[in-house]
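Each of the next two complexes has chain A plus one other chain: chain B in the first, chain C in the second.
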Partner chain A sequence: MGVINETARDNQAPVARGAAIRRTDMRARGEPALWVLGGALALGIAMIAGFLALVAWNGVMTFIPKPIDVVTEIDGTVTAGEPFREELFRPTAEALAALTPDWQQRIAAADGYASRTLYRTGNFDIYGEDFRWIPDFNVTKRERPANFLFVERLEWGPFVGSIKSVTIDGMERPINSLDDPGFVAAHRASRERWKQANAIEKDDIGAINHQLEAARLELRGVQLNSGRDSAEYRQAQERLEAAAAVQRANYDKLAAQVEELRRLNDGNTVTFVAVGGEEKTEEMAHLVRFYPANALSLGGKLSVYFSRWGEFLGDEPREANTEGGVLPAIFGTAAMTLLMVIAVAPFGVITALYLREYAKQGRLVSIVRISVNNLAGVPSIVYGVFGLGFFAYALGGSIDALFYPERLPNPTFGTGGLLWSALTLALLTVPVVIVATEEALAAVPRSMREGSIACGASKWQTIRSIVLPRAMPGIMTGIILAMARGAGEVAPLMLVGVVKLAPELPVDGLFPFVHLERSFMHLGFHIYDVGFQSRNAEAGKPMVFVTTMLLISLIFVMNVVAIVIRNRLRRKFVGSQF
Partner chain B sequence: MNMDIATSAREDTVYHVKRGGAGEVLDIDNLSLWYGQAQALHNVTMPMEKGLVTALIGPSGCGKSTLLRCINRMNDLVDGLSITGSIKLHGEDIYARDADVIALRKRMGMVFQKPNPFPMSIFQNVVYPLKVDGVRNKAVLEETCERALRSAALWNEVKDRLDQSALGLSGGQQQRLCIARAVAADPEVLLMDEPCSALDPIATAKIEDLISELTGHYTIIIVTHNMQQAARVSDNTAFMYLGRLIEYGDTEVVFQTPKSGKTQDYVTGRFG
Partner chain C sequence: MFKKFGAVCVLAGSFTATTVCAVEVDASLKDYKKAAGVEGSLKSIGSDTLNNVMTLWAEGFAKEYPNVKVEIEGKGSGTAPPALIAGTAQFGPMSRPMKGVEMDDFEKKYGYKPTGMRVAVDALAVFVHKDNPIKCLSLAQVDAIFSKSRKHGGKQDLKTWGQLGMTGEWAARPISMYGRNSASGTYGYFKEVVLAEGDYKDSVKEQPGSSAVVQAIASDKYAIGYSGVGYKTADVRSVPISANDGGTCFDSTAENAYAGEYPITRFLYVYLNKKPGAKLEPLRAEFAKFVLSKQGQTGVVKDGYFPIPSAVVSEDLKALELSY
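Let's turn to the complex of A and B:
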């Protein structure tokens, strides 16, 4: 045996030694897994970063003023417009046959593809189109004349052309340059008067209408309470009619003011001429902004850029939301999200407190917990349907019947609105808060609870002064997640209160100042509306990016604020044990 | 419970309790305890006098912490616990049906194994027992805070930063803060559950000095794994083994001439 063993060892020795220095089996090594994990992370980060970069790039570039090309085609057509984008396309056989041999060769060399440019021609009122594709092979001449203006106006989209004449106070004036002080002052005065007239119509006349409506409702209330034939009704009627007469006198006065402002504005006009020679006279008051696109200095470009941003952030939308600003949508989104947090935070925290601290841990609690977690997986549109049915129709309907009978059949709370949207989203996000709060409560060290109880504190005192503060950072994490989820949600909101255009903000100067029943605008819905519901989809596309960027920034800002609060709490309450 | 059990040897406990305190405070009588089906304490009978320090020693799992936690009913937090026998504080049964647990715990201070300061300021930590009792008078709170911190030998170190977070203190300071918190409400009994096990030797020495100083004011019951510590700080020592009280008596006797063979084996390091 010994001999055989010796021999065997001798024979196998080189093999055995080789085996000893053989590299570790791949399956026993960690590196491949590491590469997979790292790769997955890198891919994820790349996708997120790419998405954000795409949104940010398009968002930042949208408002930069572009030059205006005047393009002459082979058939003599002249087009003026902003080059919007370029793409490759496959020209039809007839189009190819009509081309010069030189162009035919070039297209054949490019596998039958030719390039074309989309021009934003504007002048929808004259041409009936906003954009026009022009194939490069049709172009005979491309110029950038300095006198061409890009004019943003209140109606019909932008106008591209040059100024023919200017009328100030009904008299035609020669204008040498756009900076002519008389012209600039007249334009500014016209815009001011236009804004003033709008403000009077919206605020002052709005307030009168509001009061007239309130008077009507009061009368209706008296009628519902005491009947049409009662003395109270007649008294109320007389009193309210007297008040209404005063209001109507006020209204007439204000209407006359508006009329006067409009009349003054009628005298200030600019006559433009488009590239094809068509003339168009516009009131100065309707010109939001105009600039010589091809003769702009850097400062001029920047001024246009920031003035567009200012309008976007601080004004109301116009032109079916594709132009103007998104202030009501920003306001609506922020207000709705805040309301949602106010609703979801106490509700979720209280639920989790009971589940974790008081409920007897058993089958029932497990079922509740599983159900809560499953709620997070219900499609959000289902919450919208529920919110519409339960909050708006059932709850809101009852509120209307109880508190606003005089307004019926017009619903007050019995339809979608800010409050119902916030509550619907609160319902949607409450599982997040419950789960996070439960985790946070479970993470409070047992020793702290015991310390408090040993001091003679009751369970509630312990929870209030020790457990909750200590769990607060974790609870904040849950609220942050809920906020991010809620702020980006659109589908359920379309059912419970978000509209394309909300004429009134949920907060204004009319009693009771905060109107939770009003429908509102939302950035998420705005994106959908501008991108997919507007007539002018091509013009809406950049706005989609800008609005997306804005929504992401808004959520980002809200998250940062919440995270800063959380970190302060964490420093205060968690700290290090040793 | 009468003090004569101290001399009348019961079947499985050896008693030779050192007297000298100011009357009986706590009387554990025939206490048995079960966690579900498992019995953790077997018929423990143990009287304690006011102003004396009693050390509970014994190997891990012998029931000394369980016994300590019975005294202020911290074990109530555990599910499936059942108890027979009684613990009397000044003759009142703390396990009586109408006993007020919260009021009871206010009469007892407790210091835990690991320092467990609350996530609040040093001041708020110390006056917490008064705060939960509804005391709002600022002068009373401040006076109590100073007195408690002085008796925990911490006042000089923290008097300038009472409003800073207690979590910023060192481990030893935190434990002394916990002692200050435990004595703030002027309890009758101070329960200490291995108060030095998470501390370094210097901090341990400070806590031991503190215990010696507190002797006389408070009735102290201290659970410890450290037999030198038990020998240094206590008047009486109780040796427990497998849920039974083996020997309870004068610390000197327990450590030098134990009357029970098991105690002898344990204190000489033969097991445990």
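Let's turn to the complex of A and C:
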């Protein structure tokens, strides 16, 4: 009995001990926590990847040319348009009753659901709408004729239809194909002339305006300084009037040039005919591009696709931002972010240096630290209000009163602009830089500072040549984070300088070349504007995705550049580690 | 408010079955003619409803005068009067007439009232999802849907589509309401005309833009909301509205708006600072003329609003002491 007991205990003991060990092992290794953490990470990554994939997919697909369907309905209505999207819906009882038994059966078999397609019909100037839903059960015929063109115009959005006749230099010409060399050359020449006219207007006439405005302001300045009846004023007036007269003569010359280019373009027109027989004559210069949507080869598709991207990235917006490109917005976003970094980096680093290296650690410093951390949690719109009130109105208003009295009541710095936006965002992101820099400074080994001081270096010399270079990678991390946060921010910018349409870029060829007071366009605001403010929400949606993709890529590129710089710095110090 | 005015509606050949037609600009409006000696820069601050049209006008005006620079800011009608008073903007687009207080503030500084010109006609449409079969709503019903005060005398609070006489799957469904945020002139105008200055229900979901309202309705089958008729997409339907219970319902078309039959119709305005008796300087005068010309009104059509009839134009031109 005793023996048996012994054996039993011997047999049991290891099992029991093993189980106990395994249990402690699990806890010791933290496996449940591991699963939770790993799961959370996987979920987070899946969400980010899903979001990026959604944006990228929609962004990439937007510019692919789609075919044109010509759809005939039961009641004889004919619609031509790009199939935009499809969905299932439940037709009403009345609609069902009017259908053929065949369709009724099919819909009943599908649980009462039928499908319908949204067509982008274009031709807003003729129809007063650009999209139409057509239920499948109404369709009697669906064709894809090869002669139907998708025409992108400067005004009124796209046109869907075919060419009726072509007029070149005022003479109607028979056109056999779109590749007709005379037609292609005429279209190209018209577009060239249009671009040339635009360039004259923008650059040459822009420069004249700038000088005229400068002359007007100078005169106003003299008037403010010495009064309207003074001799100085009369002198200045005479001198400036003479200069202005020269400028105006130049303007007239340029305007005549533009007029001539426009007149030449008047003779080149294309008459299109829509599916219902309505005709529309357009100047060739106003046709951005047109293609036979149903007869496009792969090469043709690619060329349309990339030419659309080229327009989007390199052109200015048209038609209240719903068409054309986003170049000014790309430029504005990049300029504002860089300016913000220039403002935030020294400011944040100096603050952190003082807090960590010089300030006596005590209650006051702790309070300052807590305040800085709390700043990071203030809603961004509050920064916007602060920026508007303090920077634009108080600071900018005083600058205007002191330095630009001749421009009043038109504000120069006394309203939102590039500089105030950058400073507002710098305030918004400065806590990030301070915290990151402090951490980086704390991570520099004490032995290195002591070594440096033991060699006879002063405190500032130590900081400059030992501490700061070592902390640089950490500081760069903070700046990268600040940049990413700042570039994606929109709400405060709407108050301090971002506008829907800025007529000029903040950097141009006119003295003083960088115009920090100018309002600017921003990709984030562009997304908001196109998504929520434009007339045609349906047509705006794809543009929202494209612009979002662009904004994300822009931030990505800026981050990559910063990371590359940081890695260079790291490598520089890796060899000199103690 | 509106004189009878025959809108031209071209029914396209094969589109006879549908009511599809493009609104056309009053043919008796004058073509814009370029004037000499116009230069400088303009700034407009005001309504976001008019933001797109202002941008289209700016683009068109810059085409005529490449030496003029126009800058546009649209944060809401309420921002126009302060900008005009401070002189930071030359034009103040507003989606409602200026209030007495705003007029007084302006007068306090300049000694005269600002001058407004009517630049477009906007029918405020009541939108529902495209699958919503509702035929007609009276103003009192719309009031009872959106308002807790029911100043139009609706007897009961309307909460479900069933209360509006709809059957089947709709009967038990609650009405989901969308509207604009309170800074918007559209919010104010709807409150004034439809709610008779009553209060909105707290359950009205406020959206940041007119187009946002339409998009919200497009994705919510049981939704109702109001927005400018120009923002209509294929995903929503505008409900015909009658002024009185049991009266004839009118859809938000140009003809009904001009005839004054559609009850929620308003003018959109652009205000400017004009001293009575003094002529406007060429820059502002030409912009005002451009807006009221055939070209300017084509921009209005492009953005989905209705152009103003020439009778109104000549009235406003007289008020501005301008002539073609």
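Going forward, the second predicted complex is superposed on the first by the 544 of 578 C-alpha atoms of A that agree within 3 Å, B and C clash if a C-alpha of one lies under 4 Å from a C-alpha of the other, contacts with A are read in each partner's own complex, and residues count from 1 in each chain.
Simple rule for what comes next: a contact is a pair of C-beta atoms (placed from the backbone, for glycine too) under 8 Å apart; a residue touches a chain by one contact, two chains touch by 3 or more.
What you are looking at is a predicted structure, and each value in this text was computed from that prediction instead of being measured.
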For A:G310, decide between first (touching chain B), second (touching chain C), both and neither.
-> neither
In the overlay, answer first, second, both or neither for which of chain B and chain C A:G451 touches.
-> first
Between chain B and chain C, the one with more contact residues on chain A is chain C
Now for A:G277: first (chain B), second (chain C), both, or neither, which partner does it touch?
-> second
Kindly classify A:K572 by the partners it touches after superposition: chain B alone (first), chain C alone (second), both, or neither?
-> first
Which of the two partners, first being chain B and second being chain C, lies in contact with A:G112: first, second, both, or neither?
-> neither
Touching A:G76, do we find chain B (first), chain C (second), both, or neither?
-> second
With the two structures laid over each other on chain A, which partner does A:R132 touch: chain B (first), chain C (second), both, or neither?
-> second
Pick out the shared contact residues on chain A: the ones touching chain B in one complex and chain C in the other.
-> none
In the complex formed with chain C, which residues of chain A make contact?
-> 75-78, 89-90, 92-94, 118, 124-129, 131-133, 155-156, 200-202, 205-206, 208-209, 212-213, 216, 251, 255, 258, 274-278, 318-321, 408-411, 414-415, 494, 499-504, 519, 528, 531-538, 540
Would you pull the chain B residues touching chain A in the complex into a rising list?
-> 72, 74, 77, 102-103, 105-106, 108-110, 112-120, 128-129, 131-133, 165, 167-168, 170-171, 174, 178, 181-182, 185, 191
Spell out the residues on chain C that touch chain A in their complex, using ranges where they run on.
-> 12-15, 17-18, 20-23, 39-41, 43, 48, 51-53, 55-56, 58-59, 62, 66-75, 86-88, 130-131, 133, 168-169, 207-212, 214-215, 218, 230-235, 302-304
Mind listing the chain A positions that touch chain B in their complex?
-> 445, 447-448, 450-458, 461, 465-466, 469-470, 572-578
